[in-house]
Structures are given as C-alpha cells and as structure tokens.
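Below, chain A partners chain B and then partners chain C, in two separate complexes.
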Partner chain A sequence: MPAPTASSLISCLDVQARIDDITKATGWLGALAEAEAWPQATRFALELSLEEALTNVVSYGFRDSDAVPRIRIECHRLPEGRIAVRLIDNGVPFDPTTIAEPEVPASIEDARIGGHGIQLMRNFLESLAYAREGGENHLTLVAGRPD
Partner chain B sequence: MKIESKPLGPGLVLVSLDGRLDIAGAAQVEPQFKAACDEAALLLVDLSRTPFMASIGIRLLLAGAKGLRRKGGAMHLFACDPQVEKVLVTTGVDQLVAIHATRDEALAAAGAASGT
Partner chain C sequence: MHIEREQVGSDVVLKVAGRLDTPNAKPFEASLMEVVSTTDGGLLVNLAGVDYVSSSGLRALLVAGKAMRSAKRKLTLSSLQPQIREVFDISGFSTLFEIS
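Right, the complex of A and B next:
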C-alpha cells in the first residue's frame, strides 16, 4: 500500500560521524541532483541544509554518547517536484527547529562568527521538521516548491 | 578548493576563491586566506568561481573581516553567485561587509575607503 504522503525513496546513504563524510554526503546528493535534473535552487538548498545538519550531528551528536554512531541519509521524491532529505541518527537528542535565530549585529565588532547553520536551513528550505523516534533523531528537510 | 592571492597596491590585496566553500573547501583555503587578511588593509575577494557557500564559509569571511576592521581596514566581496549572495544576505553578512557586482566597483569602493 502506498504511503499517504506519496513519497518514494530515490536513494539512501550510510555515513560515519566523521568530518570527511559531510563532503561525501553532499557529493552523493549533488550526483542525485544531476541525475534527477533538479532546479539549481532546490539543489543548493538541500546541499546547504544537509551540510549544516550533518555538521551538527558529526560535531555534537556523539560527543557525550557511548552509542556506536549510525547515521543514515534518505532522499525521497515528493509530489509537485518537491524533494525531501531525511537525516536519521542515533546521537543525543537534538531538535534544531527549537534554536533561536541569531540577531543581525549592529557592527562587525559585535558579529558572532558562528551559529548560522540553522538560520540558513530555515531560510533556504520550504520546511524543516524534527521528531525523536525509537532513540533516533529524524530531521526532514524539504525543498523544491514549484514557482 | 583553490585560493590565489595577489597584491594590487600598498595594503590592497585581491583574493580569488575557486571552488566550493564548504567544510572541506574552507579547511583547504583557511591558512592562506588568514595570511592575506593579516597582510592586507583592504582585501578584495573575488567570488565569481565560488558556486557554493555554507556557514563555515560565513565563519571564514567574518573572522577575516573582524581582523581587518580591528586594524582600520575592510573587506570587499564581488561577483557573487545569486544563491551565494542569498547565503550572505540571510546571515546578515551583507550588513557588515560590502558586496559589489564587479571587480571595478569593488576597486572603486576600496579606493574611496582608503582615500586614494
């Protein structure tokens, strides 16, 4: 029976909690974008958001955890040309959708150097959704709303 | 990712970034980019061959711009890809670092800023 959301899995990738695997994952997504001829804006939004989300998981997800890291990335085709990328990991619970946006500083002296990843995901994606299921973080990135 | 740094005049340095400014790219260019920021008072950054930028790239640019500002200098970016420009605008970098359409406009602005 088809899922009610009518999504279909295009591809999936398992990665390690290593910095090098972030580039491996965005490269995998870029190859899918080529093969599926996604619009440039869809591809950019998803590569950017996957890089930011996976950087958080690799950097912080297993720092205070004894779990053997399991990180899976799924890419799904949704109706009307939308694409969903789902990032599933067994790291410590972390819901990026609850993080506050940094304020734009008045001057370069006051500017925070970091903390821009979640702000970028929110602005480039159509939706960013989080769930904690069965001891895993499930983060779903959706882009590609038709013009 | 590749980086090329070229002095254009006293205290004026042009840096060209070539490739994806992602976590791997930023690690490759960071030492030379920092060195250029240390050397320059006014730093022009050519982004015409940078099709992708993530928050790690914002981090690199802001750290460099802060250092330049501390010694009375400035950073000028030019020739951004539209999606890269959206990254810069979303994170507020455009409020802190000047963004120009062309190298000539960046040069003119840098010249005006230095009083030459």
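Right, the complex of A and C next:
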C-alpha cells in the first residue's frame, strides 16, 4: 500500500498488545474526531474499523510470534475531507483484506460465530488496503468521502 | 457499559447502555448467558442506550441467541439506534433476530 498522497499526519499512538488498549485507541481516535470536527459517519466508520483491526492484531498477531509487540496507529488528514488511519504492527503476517465474508445464514442455528469484523470494515470504509513492509503489517483504513 | 435487569412475569428484560465493543463483549455475554442459564422464560434485550456495537458485541448476542434457540426460548432485541441498526443490517443479524 503506497503512502496516502498529499497527506499530513495529525497524530500517532503506540499501544500494547492487550484488549484494554483497544479502549485507549478508540478513545484517542474519538478525541481526534472531536478536535477535528469529523462528520459522525466518518468517526463511526474509523472507530469501528480500528477496533476490528486492532482486535485481530491483539488477539492473534503475537500468539505465534517471539517478537516484542510494537503496535503504532497513525492518523492522517487526506484531501477532500478524507481521513486515513494506519495500523502498523510487527506481528505475524496477516492480510484481513483477503478474508472471505461469512455467508448470510438462513437461521440463527446456521450462523457462524466470527468473521463479521471484516464485513463491517468493507461496508463502512471507503477503502481498506494492506501491505507487508519491513517485517510489519501496514493496514490503511480510509473514510470520509464527501457526499 | 451498564446493564439493568428487570423481571416481567416469566421474562427477563435487560436494558443495556453504552458501548458493545471488544473490551465489554465478555461481561455482556456473561450477563446474557447468566439469564439463559438461570431462568426459563423469554429474554428481551433493550438496546436503546447502546450507541456503538462492533463484531465482538454481535458475537455475544449470537452466542446467547443460539443458546436460547436450542432451548426453544424467545430472544427479542428492541429499540436499536439507526447506526446500530445499520451494523445489524450489514452483518445479516437483522434477519437472524426478532427485532421490535
């Protein structure tokens, strides 16, 4: 994934590979949304998608890894009111963009538990892009396309 | 997240407020499953006070929904805010649950 063109870094945050730090990350993003006066839909899309992506990294990224976890979140301002959130981690390679969405089940008995995170990200975001660079996962979430 | 429990006849109403996110998903699931395992009537989950739900929150509802269905008991969700409803629609959960 190339760097967003003509972007400016608004803020960045380092978090630990633990569930409680998901609250820290979404709280940080919520404060940026307030400060930058993002539309509610942009805020919701990015907050939800960051949580989904970070939950994957925290839950599975370091389970089979000896690496000391390094997780960094960057927030960039893009042209035309778009916002990019980039999640960078040194966990095992994982490209969520390749995950198949769960089929719509006929009943609750048939419903599969899990896999809905990627479905929500694809629907709420304008784009979702992955790259493996220098031993790190780089996942870029973009939202905020003008109507 | 805050959950209030009320007994209405043989049914239980859980009024949920706050965020159904990953950090809250386990305690939310535990509250639902506590009703499933200790009562035998219906369960109504009022989501009027919920302003955020992620796939972890959906997962908790699905676990409880499956348990209620296999026990042939009724689980109903009510009062979803528009953004929450959108999450349910996208994930297909709107058709899996009875929503009033």
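Keep in mind that, in the parts below, the second predicted complex is superposed on the first by the 143 of 147 C-alpha atoms of A that agree within 3 Å, B and C clash if a C-alpha of one lies under 4 Å from a C-alpha of the other, contacts with A are read in each partner's own complex, and residues count from 1 in each chain.
The definition used in the following text is that a contact is a pair of C-beta atoms (placed from the backbone, for glycine too) under 8 Å apart; a residue touches a chain by one contact, two chains touch by 3 or more.
A quick note: this is a predicted structure, and the numbers were derived from the prediction, not measured.
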item	value
Superposition on chain A - do chain B and chain C clash or fit	clash
Partner chain in contact with A:Arg132 - chain B first, chain C second, else both or neither	neither
First (chain B), second (chain C), both or neither touched by A:Glu109	both
Touching both chain B and chain C, residues of chain A	19-20, 22-23, 26, 44, 47-48, 51-52, 55, 104-105, 107-109, 111, 113-114, 116-117, 119-120, 123-124
Footprint of chain B on chain A - complex, ascending	19-20, 22-23, 26, 40-41, 44, 47-48, 51-52, 55, 104-105, 107-109, 111-114, 116-117, 119-120, 123-124
Contact set on chain B toward chain A in their complex	22-24, 52, 54-56, 58-59, 62-63, 65-66, 69, 83, 86-87, 90-92, 95-97
Residue ranges of chain A in contact with chain C within the complex	19-20, 22-23, 26, 44, 47-48, 51-52, 55, 102, 104-105, 107-109, 111, 113-114, 116-117, 119-120, 123-124
In the complex, chain C residues that touch chain A	21-23, 52, 54-56, 58-59, 62-63, 65-66, 69-70, 83, 87, 90-92, 95-97
